[in-house]
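Everything on this sheet refers to the single structure shown next.
Going in written order, the chains are labelled A, B, C, D and E, and every chain counts its residues from 1.
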Amino acid sequence: MAMIEKYANPTVFLGITRPLVPWLGGATVATLSAGLYLALFASPADYQQGESVRIMYVHVPAAWMAMMCYTSMAIASGVGLIWKHPLAHTAARATAPVGAAFTLLALVTGSLWGKPMWGTWWVWDARLTSVLILFFLYIGYMALNNAFDNAQRGANAAAVLALVGFVNVPIIKFSVEWWNTLHQPASVMRMDGPTIHASMLWPLGLMALGYTLFYFWVLIIRIDADVTAGKIRALRQRRAHS
Amino acid sequence: MGRFFCVLRRDLHLALRQGMDSFMVVMFFVIAVVLFPFGVGPEPNTLARIAAGVIWVAALLSSMLSLERLFLGDYEDGSLELLVLSPATLETLVLAKIAAHWLTTGLPLIVAAPFLAILLNMDGEGFVTLVAALALGTPTLSLLGAVGAALVLGSRRGGVLLSLLILPLFIPILIFGVSAVDAAVGGYPVKPQFMILGGFLALALPLCPWAAAAGLRQSLE
Amino acid sequence: MFSGADLSCIRGEREVFRHLDFGLDAGGMLVLTGPNGSGKSTLLRLMAGLLSAEQGAMTWNGVATSDDPEAHNARLHYVGHLDAIKPALDVTENLLFWASMHGGNADAASRVSNALTALDIGFLSDTPAQYLSAGQRRRVALARILASPARIWLLDEPTTVLDKHAMATLEQIIADHRAAGGMVVVSTHTAIAGDGQAVLDLAPFAAHAQMPTGEAA
Amino acid sequence: MFSGADLSCIRGEREVFRHLDFGLDAGGMLVLTGPNGSGKSTLLRLMAGLLSAEQGAMTWNGVATSDDPEAHNARLHYVGHLDAIKPALDVTENLLFWASMHGGNADAASRVSNALTALDIGFLSDTPAQYLSAGQRRRVALARILASPARIWLLDEPTTVLDKHAMATLEQIIADHRAAGGMVVVSTHTAIAGDGQAVLDLAPFAAHAQMPTGEAA
Amino acid sequence: MGRFFCVLRRDLHLALRQGMDSFMVVMFFVIAVVLFPFGVGPEPNTLARIAAGVIWVAALLSSMLSLERLFLGDYEDGSLELLVLSPATLETLVLAKIAAHWLTTGLPLIVAAPFLAILLNMDGEGFVTLVAALALGTPTLSLLGAVGAALVLGSRRGGVLLSLLILPLFIPILIFGVSAVDAAVGGYPVKPQFMILGGFLALALPLCPWAAAAGLRQSLE
């Protein structure tokens, strides 16, 4: 019974969020379509970078999401460790693959952009290296989570890793300022307001919103699946020992 | 503080007595580097060109290798439980174990490095920088590695997982360590690289024992 | 003085026991019994603070033990199924470490040699632990708790592999400890002598029948 | 049928026992007793062929066992202090390996599941060995000897950490084995029930006093 | 023969399940090779120049690394006693353990090698030769290493001793393995090197299991 009680909270949570799933899905598709249309067709080409500037609308929000997802994952992990709330671990676990996918997207689009801009796919520059490490951290988090026969153990160990790895996030963010690198410094997310033109800001904003909606959509679906799997596991274990 | 030295002394003692892990590491380091002239051919220019890289890579690999067993012995024979139950903060004891690890693996590495540098024909300018960079970098390797080693205790794929977890974290140290030596050989200032290596160490020193202790407590559940 | 109320414990996503209470006064002795897998070791680890209870709390003189885990550690000795002996060190070296970890460096050497004598293994003091017979190893593990003082002793099946003489010695040691106001919790499948001992059978607390059918409640 | 004459054994440059004789007929049971460190485990390892005697010889039906060590291996089961259980494998996987190593592949699976049932741990068959309690591990080690047939059983303190029910089961299993013509040598510090058992106390054979003073001869 | 496959299957199973040793080895091999561009710098010519050497040295080191634990797990948990007591010649079982070791460490190494060769920019001519030379050489590494691993069981300083014992024996294989690849890249015939590598294997195959079995029996006394 205790196991059922433990999952009572997630059940309440899912009762509230489950109806949101179709709405979030619809909103994601709509926002991303609008954003992509503006980005790829309606916005002007850059006077310096030409058409390749359009990669930015995919790249930049993906990079933001990569860091945002990691931050949420770290916060959820901390909550899970300190207050032992199972839903927090579940949320962290559900975030990891989404974050890893965004990181990969940022890496790939960055490389594609790097070839025309810097003349090379890859340099060992501080920002690029730290994003690559972020990707490895996501992979490590997922591997650690699945490495134990006891799911709780895996969640706890991975949570510690998520917290330790969080150091990397400010390094990504500020690496361009601490070490002068090839990579662009921030021009949107600045203390003193964005410095790019509105015609570029709009599609960028829409894409970022679309990515975020996508994240929450997938998050709820994955939490749902995880909670169900946990219930099945508990039932099966109880049967094995009765 | 008494307990810190207690654990430190015992780990040093054990390392000296059984030698399994730590001496193996230095041997491994030396052998890894020495094998290179056999593999790459004895041409002095090529060797000099790759010397800093080979030494740093060998240091990384041998550090990684020994880290897997940092807590494993204590975990398997029940000592870890008793360490957790001893009336001292676990973080202190973890730091002592890390210090012992560094003293038995990192320090001998640093001592051996100049000789290996001669063997690989490294430019004389690089020697001091190499030693200094290793002295700043290897403690960070031990600290970071301890977190990984604590987290994978009792997991199914300990070894692979460990390398997966800590190698990404080691790469920056490798990059800046090599680049310091290259800068010295090329006659450039090495201060920026040293600042960064020092920064890593300053960050890892308070954070890693805490995280490793948290990992260890988990492993006994 | 040392007590726990309404304890439940989950291991590997499965509840081992629930709603368990215990209480120990100065000089008290609590014997844990129950079939294999009923949770004796689990309860002892919980008492030691190695596991945390899903529910319920333990108190020492009315203060929750989780408030100050280090103080709790300082007043207890735990002997588990694993004996924490390093084969590469000799018997004295093994014990000296734990003696000074727990009770400080002062006169650790003499405490250790007294402990060895008390368990009749003084003659093994400089034997490498690798060469010990099973019972000798176990005696070394027990000597550890004599080598530094602690109020609470948590002993997980301490009598296994001991010969009859050593068993009597252990019973005497426990009696002495209790006479000096110490408390002992001990799990066992055999009888351990001791006046006024309380027995706690774990079988009834099992959350769901998980024991071999033969003896399940 | 299985006997040894005038055996002496040296371990780590020290003589453990000397001039020791034993003999076992079909259905026989020999109980080894003696204080810790008196050489029970050593004698069992000698019988198994893991150690070689400094002096003296063992025979099976009059033929020296050292003439054909593999044939000797085929007719014995040894259970030592270490239980040869791999934490990463589950209980059935652990046993299947030894069952087919010793008794061949044919119907190994059913032999294993019968053995598990006999020791009341059928419900653990797919639990990773890592999660077993101490007594559960020991039962798995004992299930190994049921999973393939052998005439001679050499059991080194098999009853430690077993609960009373499991102990009774073990006694029954030994009785069945003997009834079918098997032989059992078992070392123990407690009593093990069994009709017509011979007891061999090792203390008198010790070459020089090396036991705790309290019980030395 | 049945028991040979029994042990083989169980060791493969264990390797897959716990992954501690064998997967670690392949990861170690890949990581060791991949670290080089970080250390030496990404210049394609330098990398191509040292590719064969780096790959062979990494193979040697990772093989040595895993050998230490070849019999250690079984020794520590009592399985080795039972293996010795099983009604089969110990040599067969040792050969099965060596085969399992090679299948889980040597074979994946060979599979990974061509990809690493691309990464290091190795000349295309060398690929087939590299794989063939590794296929001939790595079983010898496992065989020789098993003898060392059996001899150091239960000794203090197992690890150091092991590397001291077996590394000198490994060096000839390194030299001829690298020289085969170099010959292929340079357009020379590789037959002589292959004959020698094959000769080593033919010699080690009957001799090593016997010596290792003798070592194991000693370790249980």
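Basically, a residue touches a chain if its C-beta (ideal position, glycine included) is under 8 Å from a C-beta of that chain, and two chains touch if they have at least 3 such contacts.
Predicted model only: the values in this text are computed from it and were never measured.
Common neighbours of chain A and chain E under the contact rule above are B, D.
Looking at chain B and chain D, the chains that touch each of them are A, C, E.
Of all chains shown, the one whose average CA position lies nearest the global CA mean is B. Each chain gets a centre from the mean of its Cα atoms; the one farthest from the centre of chain A is D. Interface comparison, A-C versus B-C: the higher number of contacting C-beta pairs is recorded for B-C.
Centre-to-centre spacing of chain A and chain D amounts to 58 Å, using the average Cα coordinate of each chain. Taking the mean of the C-alpha atoms as each chain's centre, chain A and chain B sit 32 Å apart.
If you average the Cα atoms of chain C and of chain E, the two centres end up 45 Å apart. Annotation: 37 Å between the Cα-based centres of chain D and chain E. Shared contact sites, meaning residues of chain A that touch two or more other chains, fall at 124, 149-150, 152, 241.
Shared interface positions of chain E, defined as residues touching 2 or more other chains, are 17-18, 38, 156.
Of all residues in chain C, those touching 2 or more other chains are 11-12, 81, 88, 210, listed in ascending order. Pairs of chains that satisfy the touch definition comprise A-B, A-C, A-D, B-C, B-E, C-D, D-E.
Contact residues of chain B toward chain E in the complex are 17-21, 23-24, 27-28, 31-32, 35-36, 38-41, 46, 49-50, 52-54, 56-57, 60-61, 64-65, 68, 156-160, 162-164, 167, 171, 174-175, 178, 182. The touching residues of chain B, when paired with chain A in their complex, are 147, 150-152, 154-157, 161, 164-165, 167-169, 171-172, 175, 203, 207-208, 211, 214-215, 218-219, 221. Every residue of chain B that touches chain C in the complex is listed here, in rising order: 2-3, 6-7, 10, 13-14, 17-18, 73, 76-79, 81-89, 220-221. Taken together, the chain A residues at the contact with chain B in this complex read 81, 124, 129-130, 132-133, 136-137, 139-140, 143-144, 147-149, 152-154, 156-158, 160-161, 163-164, 167.
For chain D in complex with chain E, the touching residues are 11, 48-52, 70-71, 73-74, 76, 78, 80-86, 88-89, 93, 97-98, 100-102, 104-105.
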